[in-house]
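What follows is a pair of complexes built around chain A, which joins chain B in one and chain C in the other.
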Partner chain A sequence: MRDTLIRADPRNASRNASRPQLIRMAITAILVLFVLFALPQLLSLYYIDTMTQVAVYSMVTLALGVLVGRVGLVSLGQVAVLAIGAWVAARLLFATTQPYPLVLLEAGLITMAAGVLIGLPALRLRGLYLALITLMFAGAITVVLATVNFPNGGHGFTGYNGSLVHIPPIRRPSIASGDPAYFRYSVIVATLMFLLVFAHIKTRPGRAWAAIRQSEPAALAAGINTWLYKLWAFALASFITGVAGGVLAGAVHYLYSIGFPTQDSITLLAVTLMGGVYSMWGAVVAALLYQFLPALLNNWGVSADWLIILFGLGVLQVLTTAPAGLADQVPKDLARLGRLLRRRLRKPAPGSTE
Partner chain B sequence: MPPWSDFEPFIVSGLALGGVYALSGVGLVVLYRATGVLYLAFGAVGAMGALTAWSLGQVGAPGWVTWLTCIAVAAAITLGYGVLFGPALSKRDPLVKAVATIGLTLILYGLMDLLWTTSGGQARSLTLPTDNGGFSIGQIQVNWTQVIALAAGVVLTVGTGAFLRYTKLGTAMRAMANDREITATLGVPVRKVEAAAWLGCGVLAGIAGLLLADLVALDATTLTFLVISSLAAVLIARLRSITVTFVAAIVVGLLHDLLTPITSLTNYRDMTPFVLAAVALLVMPRSQVMTQSREEA
Partner chain C sequence: MIEVTGLTVRYGGVTSLDDMNLTFEQGTCGLIGPNGAGKTTFFNVLSGFVRPAAGTVRAFGVDLLSMAHFRRARWGVRRTFQTEQAIEELSVFDNVAMVHEHSKLGAATRRKDVLDAIEFTGLGAVAPDAKVRTLTAGQRRLVEVARAVVGRPRLVLLDEPAAGLPDEESSRLADVIRGIPEHTGALTILVDHDMSLVSACCATTAVLDFGALIASGPTAAVLRDDAVIRAYLGVA
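Coming up: the complex of A and B.
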């Protein structure tokens, strides 16, 4: 068996939903409803904005998780893909009056086309080489963006006008112009993306990816078109990240190229690994680590540098001891703690006779 | 197209930059071949060393102490990481080993940002006394630091090549590049050889950090991620050949600086390493990249 970035997931996916699965789905649905309706009432505006970012980045980490965890492809350039999505969406939002969902779809599709264009030649490479070439592409895209700039309402292809004094904000959908409403909007979009990935994992592509991750030669021998399914994963990840870019554009109103540095792609891989790449919850955990924790620390007046150090330690820890990440490790550790406590309680008091 | 005289100063700076990329690249290749680790924290440890040297300089330590400290800090961190995490990850895929060094990069990066905060506004600089002296070839001013940078690249490439070819330790490293297990069976003290490779790589990282802090900028982010440029040279050399690494590094450095006076391209000059590496990887024969090592089979 080929050593993937993280060792293979031992859990089998059965096709028919069993009872515990149904319960799990019900809990997930309740949680999504809670996040949609109760959470904006409970949080201050600062945290609502933060949670919007979490929703956006959960899509990005979801896409990266699909690549790393499901197919075994490591990309070190996802932030550049996000920047492409945001750029396309911003350009379309300034140039047209199309409804927002349509713009999101178009941003996703155009980003997907760009991802496939890069993926076509890059997928000849494997493992380390693929990771490094995505890093190279990300570096190149960052340089181009720094020169081209994000659209700010100017004219021409780039839509950038450096001498503009009053920069118009990037618009939001009319039904979600306020911050709480936009938060709900981004959660709905993110939920749709999670469902899209879920549908992939439970059907043919998911099984093909699992086979490829275990062993590419074996998958090939089993009659799987490995090239097609790897490209498919690349396209899906680019699409989701592109949509996330579109949501991000509306969330922040103004985009700057310094907001998408190459090093963020590296941090993003770190949090995705820490969150866990085998479960879709891992993507949510990763996004919370990436966006919520910094906001929390900022509020407490603690430097975000501690977080970077923590992410570094987390990567080392995940790679050496906890391959399935926090989403898997924390419930397991809690269960272990529970067992330990129960045993402690059941243990007869010292001195008593059996 | 600007006149030729505009390009002339950039030949010198480009060669100097290429020299540092070359010595970084050689360090990366040697470590990769001996241990299978692509050391992505190369820039970060160099930056850590350079910033430590700067702090020592602030409290009045003499120049040579700070330079040696820079190299020692980089070497110590690298050796420490190699001894601590090398054996634990030795049987894993090269990709896993590389991603683990990203962990180290983030730890160092966070520490540097914490200890040497950049938001203060005070720009730091690390100047070597060799900046002041120099000579001129025709119209072009050359300072000694630039000469040292290029010379270090040349000397270390030739030296490392000879070391790998003619010494016992070098032969052991080459053997390990082929097969770690068989080398161990032959009685080579695998861990010691690996530790030597880590130490050597760390020393090179320190030298590169010191030179780049002078030639480019003393800034944690810049120095940490400048490694990506030397990485391009290493990729062009397919993580194997030291000679190709050297040539590629010089080309990357030279081309990068020569694009500076061309107005239409100057903003895009930072793309040079990425574009060169991408092209080199993509035109590479499939077999070369598909069968990268025995562990992966």
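Coming up: the complex of A and C.
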């Protein structure tokens, strides 16, 4: 009895991953390799740039997914957090000659510190009130940015010089100065961030977050310091979003405060919910909805503004019929369709003798 | 041993516990009373969810009220809830291990303790890596009990553990509850409206009414007490 119990213990299981787990890991690895090596060959420069944005925003939706899906904290200020990351990275890239990965790390850490400072008072609130406070914060950051603007190579703390005629672009890493190379660079950074979240979800913080989301009293009764773990989630999400901001800075070369409007945080939450907050694939789906779909429509000459309506309907659909989002629903629907087709094919044609 | 003196809890204008004095010595003790008598409030004070307006609580010589709520669970104040609160998306093992993760014991010892607790509650037939959402209501209750008894709890608070369970599962639960003091050495307090469960499990019982203690002593004597019959049990 004891023997079977110990063998069935999930901690032993995690050491030797089960077959489906291995298959899933292999498929993910193949997909990442395909995106890294084959995709840039297949796409035009327009779509390569778009996919770089998808990589950047998949980190942002990943972080938001951690907050909303894992811990149950709704933040409407993620675009502002992204802007902080981009601002810090741009300043460091202009002011220093540090290697790019180091700048990304610093941007992540500084953004994390900012996120924690905001999180400290905000974590006393939940639900609508937390959402409201984070939205106000996003609004405040937008106002500040409109005044000081993003660094553009000028002198001083803000690094902004409005009278400059020639504005130098934000530099990229020397190994990834071209667009396809920078796309690959972004995908690698994003993959690292996904692994970071994966490592959290599968260990103690993930279990603590699951407990907090379902029932805070139960989490406390299980000895979990709920305050610390909520702050941890905020810190992790801010770090990842800060790194995303750093990658974004290099991707676009020039940053403008107009590129980070407050209402985008709301759209971001909508696509994150649509993609699915309980799976990390949901973050990828959300980023595709947020960046790839508008690029596609633009290319076809259709206004991307229509997407707001689509996202509205999408969120309604998700909230009513598929709370785990597209990442969960589409594979299930496809499997159902496959079963239906197989049954149809196996059924003898009418009139045939049996 | 737990000593409560002068415990008073107010929610706005409502006094839920009114200068309550109470001592539980050892074993499994019952705590009964009509709805709104303050039983769950008392548990909430012990586990740190409610801050009393006045009074002291000493458990095994320690001033419980000065400890943060999550630290009390680590120290050994464990509880279950009226509405079962096992974490659905985690496995049985993780649900039970959660509270034991904070101990300083080695990983192997911790694992053995968790599996012991699962087996003690009679959940051995359920795979430890089964997700809680696949279990029946009775099994979920047992997961909560396993979480309360894992490791070395000092105080186990069971808040209507048999509520809503079919008779068969309820009697199995009674066997488990009776075994807790011997298995863990913890003082166990049982709140329930099922008098047969309370009589079966508890040697001593205390009765609350309107936030004050109206009787306490050996269970059989308490259940015959006139004041208890008037306030709670009704005329037989």
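Everything below uses one rule, namely that the second predicted complex is superposed on the first by the 330 of 354 C-alpha atoms of A that agree within 3 Å, B and C clash if a C-alpha of one lies under 4 Å from a C-alpha of the other, contacts with A are read in each partner's own complex, and residues count from 1 in each chain.
Here is the rule we use: a residue touches a chain if its C-beta (ideal position, glycine included) is under 8 Å from a C-beta of that chain, and two chains touch if they have at least 3 such contacts.
Just so it is clear, the model here is predicted, and its values are computed rather than measured.
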item: Partner chain(s) touched by A:256 [first = chain B, second = chain C, both, neither]; value: neither
item: Partner chain in contact with A:125 - chain B first, chain C second, else both or neither; value: first
item: Contacts of A:226 with chain B and chain C, given as first, second, both or neither; value: second
item: Partner chain(s) touched by A:269 [first = chain B, second = chain C, both, neither]; value: first
item: Partner chain(s) touched by A:37 [first = chain B, second = chain C, both, neither]; value: neither
item: Per-residue touch tally on chain A - higher for chain B or for chain C; value: B
item: Partner chain(s) touched by A:207 [first = chain B, second = chain C, both, neither]; value: second
item: First (chain B), second (chain C), both or neither touched by A:215; value: second
item: Those residues of chain A which chain B touches in one complex and chain C touches in the other; value: 2, 5
item: Residue ranges of chain A in contact with chain C within the complex; value: 1-2, 5-6, 8-11, 13, 204, 207-208, 210-211, 214-215, 217-218, 220-226
item: Parts of chain C lying in touch with chain A, wherever the complex brings them together; value: 47-49, 69-71, 73-74, 78-79, 81, 85-91, 93-94, 98-99, 101-102, 107, 111, 115, 118-119, 124, 127-129, 147
item: Residues of chain A defined as touching chain B within the complex; value: 2-5, 74, 121-122, 124-129, 131-133, 135-137, 139-140, 143-144, 146-147, 262-263, 266-267, 269-270, 273, 303, 305-316, 319-320
item: Touching residues (chain side chain B, partner chain A) in the complex; value: 38, 85, 88-89, 91-96, 98-100, 102-111, 113-114, 221, 224-225, 228, 231-232, 235, 267-268, 270-271, 273-275, 277-278, 281-282, 286, 289-290, 292, 295-296
